[in-house]
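So, here come the structures, one by one.
In the two complexes that follow, chain A is the common piece, with chain B as its partner first and chain C second.
== the complex of A and B ==
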């Protein structure tokens, strides 16, 4: 059943701009550094002895921001596919479980974000090589900086998907997304338990893996809570 | 014209717009209290620093982003089940519909700005700032921020009429707003980027001599110019749009 739901959901998002948005996120993050390094490369290279590390830090300063807003946009977009044509009722009337429907939406969104993370890794590495930042390329760091924020932001994905699917007015989930984005932007001032701090990979212990583990754990928890609420609601 | 305004107002009241308006003060309080201790360290400049910090996040990111949500909300009823057709079948001109929707958005942003002004005063009172409130500077900043959103609102209205879904126009908004974080650091490009203008016009350390915190030429060319471009673009697009 779930394979059919997934293939129908992948079909629904075709030619609607989902993949374009998933491309634009990582591209934009690296493109901002292209402009940044294009305008003042000499100045930026003087800032540190570890040019690769400094460059990755610059990229990472925008990754969580794009990720959090991207999640808000994609989840709302996903919900509006069904909302626009009042298709929820028709979808649920099919011989599928509501849990399956919810799982399928979540999986498609997670795939889109995974695709973004892979692109982020490729773009980061490619532009880093173009900049010629030194012969020792920190491959492991690039992989971590590309995939850790995604894994740490799973709770936000679960929360946003829940809010968008149960909201009639998509202004509400987008506003929630903006507020979460403001929190992520201020991550430095937040205590470690705030989920919007996690994509920034900052914490008191200075241990990014902690955010990843918390993200996956709490993400699953919030996903289950959202799914149970979705199955118990009346579909309008 | 009055009937049109009334009907728009009525639709708005049923659109759960209040939580969206209240998100402005929420951001203000959050930033105001998150930076509480830093502001207390410097005597004699408490108001100045409090407002400077609060405005940074609010004007740079929140204000430009929320314009997209408001535009989406204002076109929501029309995008549902052929609402454009019903609205335009009435004896109203398309131009008037566009202008009324735009004016209502201006009003909403003004409301958000005034709520934010209240938030600044409340944050100051709770943090126990005893200095006199720099009312003139703050008014300049509040109204300046409002004026700076004029072109952004025009573009977002255009995009919201163009796209059926809520998320697509908001995505345009995000793509244009995020670069501001870098752009404001640049003396060369900062003055020319419309999405950075809410920040510049609310930045209380800016140019004191003029009516607002940016020079007149910049206000007229960048804010005014982009406003004319986006407003006319949206206006003309709406005239030709198939309902």
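== the complex of A and C ==
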């Protein structure tokens, strides 16, 4: 049943700009570095002995912002497809479980973000090679910097999906999204337990994997809570 | 009798407000059940409960002799529905809209062309639904509800927003469904004339209570008939009829007689003619179903 729902949901996001947005996120993040290195490459190369590491750090400083903003926009779009003509009532009157419906929406969003992460990895590597940052390419670091923020932001995705599917007023999820964006922007000053800090991969222990594990764990938890709440509610 | 839909003591509360109260709805196989009531009477709430979109506060709902709360998925495989305003995805074409439903229902692709043909939207199959008129969207909704050849079709106000020719088309379509495809149809409306022309059984709901549930013939029998006479001197005529032992009623310039048997009417005409009065018109008057409906809902409000 879930494959059918998924294939139906992928059809519904056609012509809505989801894939374009999923492309623009990682492209924008790397494009900022293109500008940065284009303007002052010599200065930036002087800053550190580890040119690749310094470059990845620069890329990573914008990834969480793009990710959090992307999640807010994508989830809100996703809910608006069903909210626009109140298609929830049509969808849920079909022989499907509400859990299946929710899982399918979450999976589509996770796929889009995963697609973005893959693009981020490709773009980061490609521009790094163009910059000629040294012969030893830190492939493992590139993979980590591309996928860790995504995994660490799963709780934000689960929360935003929950808020946007149960809100009649789409202003609420957008407000949550903007607040999240501001929190992510000030990640450096936040305590470790705030979920919006996690995509930055910063923590007191200086251990990025900790954020990934927390992200997956808390993400699952928030997902289950949101799904149960969604199942419990009457469809208007 | 085999009931497709059977609700027992179903109530639904929203906070303190009671939307539906102790509903006992029974729909037999092959019927077109007209579900009638003024706006806000609880029709849509009832339909949402039948589709499992809302859970009743108390009572049980059985469809196809299975409990809805336990076998929702199995039951919904056999139910097609259109609830209130049509739902659609405006950025997709008519074909893609149905494809999105078809993928979930798992019926063959050729069904899409078939149902588009039934509601006569084949020509615009590849146009975006955004630009459709309300009537076309409504027809697309009906097409979607027919996709999996359901045994029970639930249509909530399906003729809303349709033009007269569209209404006739949909009405003719609905009438053929039970005989051609063995479907049972539940159709709700606030217009009695609509139901009158399609339904075999009628349920009337007002303020959340089912106040009438029987065949359409029974409802029609409520329409008391009377014979109205228009004569030259109505007051005099009335007095003559009364003194001759008729139960007559003077209404403005007309005289009404309740007993409509042929002999009674003939006798009354005879009496009037013999008295030298000119009889202009002798007409049969039927209370319209509309009036009965209003009367029933009013009585309920007063009580």
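Convention: the second predicted complex is superposed on the first by the 236 of 236 C-alpha atoms of A that agree within 3 Å, B and C clash if a C-alpha of one lies under 4 Å from a C-alpha of the other, contacts with A are read in each partner's own complex, and residues count from 1 in each chain.
Just so it is clear, a contact is a pair of C-beta atoms (placed from the backbone, for glycine too) under 8 Å apart; a residue touches a chain by one contact, two chains touch by 3 or more.
What you see is a predicted model; the values in this text were computed from it and never measured.
Of the two partner chains placed by the overlay, neither chain B nor chain C lies in contact with A:130. When the two structures are aligned on the shared chain, A:220 is found in touch with neither chain B nor chain C. Shared-chain residue A:84: touches chain B and chain C both.
In the superposition on chain A, A:69 contacts chain B only, with no contact to chain C.
Ranked by how many residues of chain A each touches, chain B and chain C are led by B. In the superposed model, A:234 makes contact with chain C only, not with chain B. When the shared chain is aligned, chain C comes close enough to touch A:11, but chain B does not. Applying the stated touch rule to the two superposed structures, the overlap between the chain B and chain C interfaces on chain A comprises residues 81, 84, 86. Across the interface of their complex, chain B is touched by residues 17, 21, 24, 28, 32, 35-36, 39, 62, 65-66, 69, 72-74, 76-77, 80-81, 84, 86, 169-172, 174-175, 178-179, 181-183, 185-186, 189-190 of chain A. Considering their complex, residues 15-17, 19-20, 23, 26-27, 30-31, 34-35, 57, 61-62, 65-66, 68-69, 72-73, 76, 79-81, 164-168, 170-171, 174-175, 178-179, 181-182, 186 of chain B touch chain A. If you check the complex, the residues on chain C that touch chain A are 48, 51-55, 72-74, 76-77, 79, 81, 83-92, 96, 99-101, 103-106, 141, 144.
Contacts from chain A toward chain C in the complex involve residues 4-5, 7-8, 11-12, 14-16, 81, 84-97, 234-235.
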